[in-house]
Amino acid sequence: MMPDLGKYADAVLSAYGGTILLLLLLVIFTLRRGRAAREALESVEKRIKPNG
Amino acid sequence: MSVSDHTPKRPSGFWSYANPVKFLGFSQRILPTLWVLSAICLVVGLIWGFFFTPDDFRQGSTVKIIYLHVPSALMAINAWFMMLVASLIWLIRRHHVSALAAKAAAPVGVVMTLIALFTGAVWGEPMWGTWWAWDPRLTSFLILFLFYLGYIALWSAIEDPDTAADLTSVLCLVGSVFAVLSRYAVNFWNQGLHQGASLSLDKEENVADVFYFPLLVCIAGFVLLFFALVLYRTGTEIRLRRTRALQAREVRA
Amino acid sequence: MTLTIRDLCVARGGVPVLDRLSFALVPGQALILRGPNGSGKTTLLRTLAGLQPPLSGHIEAAEESIAYSSHSDGLKSMLTVTENLRFWADVFGQGDIEPALAAFSLSPLRDRMAGTLSAGQKRRLGLARMLVTGRPIWMMDEPTVSLDVDAVVQFASAVSAHLGAGGSALIATHIDLGLEAEVFDVTPYRAALDARAGASDEAFL
Amino acid sequence: MKALLKRDLMLAFRAGGGFGLGLAFFLIVTVLVPFGVGPNSDLLSRIAPGILWLGALLACLLSLDRLLALDWEDGTLDLLATSPLPLEAGLSIKALAHWISTGLPLVLAAPVLGILLNLPTPGYGWLVLSLLLGTPALSVIGTFGAALTVGVKRGGLLMSLLVLPLYVPTLIFGAEAARRGATGMDATTPLLMLAGITAGVIAIMPFASAAALRVNLR
Amino acid sequence: MKALLKRDLMLAFRAGGGFGLGLAFFLIVTVLVPFGVGPNSDLLSRIAPGILWLGALLACLLSLDRLLALDWEDGTLDLLATSPLPLEAGLSIKALAHWISTGLPLVLAAPVLGILLNLPTPGYGWLVLSLLLGTPALSVIGTFGAALTVGVKRGGLLMSLLVLPLYVPTLIFGAEAARRGATGMDATTPLLMLAGITAGVIAIMPFASAAALRVNLR
Amino acid sequence: MTLTIRDLCVARGGVPVLDRLSFALVPGQALILRGPNGSGKTTLLRTLAGLQPPLSGHIEAAEESIAYSSHSDGLKSMLTVTENLRFWADVFGQGDIEPALAAFSLSPLRDRMAGTLSAGQKRRLGLARMLVTGRPIWMMDEPTVSLDVDAVVQFASAVSAHLGAGGSALIATHIDLGLEAEVFDVTPYRAALDARAGASDEAFL
């Protein structure tokens, strides 16, 4: 399955690895921050109108 | 006699999507689709590119880096362009969502710039025998990176969100002008010294269809991912502002 | 030279603090702003002086008729008392600074660097600055902070003289100035918690 | 206007006002370069024009910090903004005062420091000329950076971050002119570009600076 | 002591606190050097170790400004001086916080910036090692400079002037070690000297700094 | 815990400002320093707090018994109210900050950045800091600047409670605090023009 990358295997693999890592980090941080913001907002909303 | 008169304006029509609450609803509706589409495009494009394209006769397998390098470089520039448009909308029409969208796009833009720089460097090592050369194109990209850093630093340094939005917008405008200026300056600077390495190993005419279609899919994937991230992050910023607004009122109770 | 405000709403940090304010300040009149800490006096004065925009409402005043003095005095510690005053007189196109020096008995200190003055002496210099602006409407934020009893009397008589010459003054303070003046309490105008009035974060509520 | 210029210059020249410090910083950076790079005089003379331009730029940058921040802290800017002087004019004056007290001395000192770095003889004239044309742009662009960050406490480093990329075109053309001059090549093109940048920046930047400052005063 | 360290780090990492700015300045200076000196990669790789050391030193220097001045202005130092914490310990803690928030990131970033300047491959290890040994000395010496100039408004430039000469020995040995490493020579001697300087400075400087600060508080 | 000073001479800028001061401050006692602007109250307090040396004379006080509060409050605008107070409590080795928050009704503001407080709110936070030092002798320089009437009452009762618990306080102020306390006027002690008393420029006279 794995294509033969020849003598450039290091370069190609590290480029793919690095890029995917960076993208994953970006997505994870985005989602984590988003979740935190959502929770903070919900708790404040609940505090302000406990029955609405 | 100076009379200052302030009556709040309420937007309508297309601009009503600039209302944060409406925007949240809208983005919540389309975000799932965006996430899924971008994931599909990225997975398909990258797998296609990595596993099912031949090696280039001159560059060997390194040509596979193109599926990461070109889309990220494109998005890095377009993200800045989007920030510029959003900043203008904020300065002229004062819609909070556009200011927050610019804020949300900046970190995505930096990461794209970083990816382009990183993949380019990794590519350059086998092709040019060096990680980095002061080629005009690479150099102007580095300058773009610096502008991103400054923009983000300014956002985070200023407490009041409206002040921060105004100042970063002005910076984005002025920065764009200077980015263009630097691009010309850099061209001029390096011609004079005839830097050896050239980027035109693989001009567009050389890109055969085998490389071209997976590249298109990857570009689509990066574009979709960018929009998904920016939409989501804008939502986050809106929630943070809302939390802040509610807390501010709560405290004075 | 009348300052008229109608239905004014002012905000700080994007949150409305005072709402539906209306009053007029006519020549010869002084108005004392009162209100507990954090009620929004400083915010109101800064808005009227044109340093920040109001959320809504009207402010009518002649161009360049307002002189504003804030908590801080705008003094350069490395310039002498006269040099500091001279600079502001020049900026506002006024000539003589001697009356201002005399009004706050700063003459003995005239050649001292402003940085070596005591708290109250600095404040007196900051107040003398108002006299060299030549502007009819004075807005002052807690002008008598750090002043001793004599200096408060000097200040009151400087204000009276200004009013007598057709000027007017809007003064935020917590202490008694011994001045014949109407008091305007801002407490009833504190913005309701859900006041929107075009606040910058209104869209987020 | 004259009062403001006079006051700013007086403050700059008075003790602790910062006059001469930019110069001293320039001197020290230039002196430190051989310690870092090594004492090879051939190498030094090749990098001399670039290092001198860079040193001047950094010295200029670091002195920007005091341009508005002091006036902001003690409330002078609030008062100036309510004074009859339009803010654009005020900021131009301040940039001018900054140039007189910082840029001009740097221009005059550069040839002396050139000796320390073995600058080739034909380079002196071009170096001074390019600095003379370029430093006003540095002051004006710097004022914009100062206006952006004036509300941030000790914003000096942030300001450097914002301003340095804006300095790139000026630096490129300036150093290029000096370098070409030093190696005996024709340097008129970069000098013309430099002059163009300076002229454009002087005409337009004060408006951007005033806009930024108004936002900050709000 | 822990409270002070925690607070200083918290302030540094919070928005506007300046963390990352030293790093950004380092990056920018490194990027600007080729614009000044020209894009010749051979030349660049020769001056790379020296320029990287100089850049790190300047970034360190510029962030010193906030080390004490903010605490001075808002009266915190007055209060700290009357607190149970001895001033020497307080200043050491502050230097430590400065190193963690500024020096350490610089050390970590240096290899990446080395790529931009074409640093020869054998040089990376030595560069990082020399910076790791040298930057603590920069923070401690810088604290002394900050303590000397804390009473001067916007004393940033004056402080640079006082501190730069004190940085000379550190710079000489540090850059020499990095340069020898990059050219494949033996670099242990300058590294040992560097370690000696750092150790000595950490042991003695806090007393000098505290003495200077006490005079300024008077 | 008695603070005793005898024959004290204090100087500012190398010039003696107050001379031959003697008094004692015993536990449970509050002393109000009075004197016109520039008479040397700030200088005296800084000297007693150990921030500058006296020219001559004796100061007797237990080690680490004095807490000093100056014109400025030592607040970090980027830390919240509780973080600011917590820091000082940790530095002085004290535990709970809640009583201090309560004494100056800062609880509703506890999570606000100190930089967004109004002038009077900042001052209240600065005063709350004194409560978390746990030190018996308080020295305060114009503590009630910018405070509204209610806050002055709060301050007075905080001082009374401190005195009741065996503490003492030395307060420089120009306004009436509504506090049962002895007044010490520094005016008679102003240094004569030719006073030498070991001033740093004495050798040149």
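Letters are used for the chains, namely A, B, C, D, E and F, taken in the order the chains are written, and counting of residues starts over at 1 for each.
Please note the rule applied: contacts are C-beta pairs under 8 Å (C-beta built on N, C-alpha and C of every residue); 3 or more make two chains touch, one makes a residue touch a chain.
Predicted model only: the values in this text are computed from it and were never measured.
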item	value
Chains touching both chain A and chain D	B
Chain pair with the higher count of C-beta pairs in contact (A-B, B-C)	A-B
Inter-chain centre distance, chain D versus chain E - centres from mean C-alpha coordinates, in Å	24
Inter-chain centre distance, chain B versus chain D - centres from mean C-alpha coordinates, in Å	31
Chain C and chain E: spacing of chain centres that average the CA atoms, whole Å	45
Euclidean distance of C-alpha centroids - chain E vs chain F, Å	37
Touching two or more other chains - residue numbers and ranges from chain B	143, 146, 149-150, 153, 157-159, 189, 242, 246-247, 250, 252-253
Shared interface positions of chain D, touching two or more other chains	16, 70, 152-153, 155, 158, 161, 164-165, 168, 172, 218
For chain F, residues contacting two or more additional chains	71, 78, 116
Interface residues, chain C side, partner chain B - complex	13-15, 53-63, 193-194, 197-198, 200-205
Contact set on chain B toward chain D in their complex	143, 146-147, 149-150, 153-154, 157-158, 163, 166-167, 170-171, 173-175, 178, 181-182, 184-186, 188-189, 192
Interface residues, chain D side, partner chain E - complex	16, 18, 21-22, 24-25, 28-29, 32-33, 35-38, 43, 46-47, 49-51, 53-54, 57-58, 62-63, 65-66, 69-70, 152-158, 160-161, 164-165, 167-168, 171-172, 175, 179
Complex contact set, residues of chain D against chain C	2-4, 7, 10-11, 14-17, 70, 73-76, 78-85, 217-218
For the chain B and chain E complex, residues of the former touching the latter	121, 130-134, 139, 142-143, 146, 149-150, 153, 156-159, 189-190, 193, 195
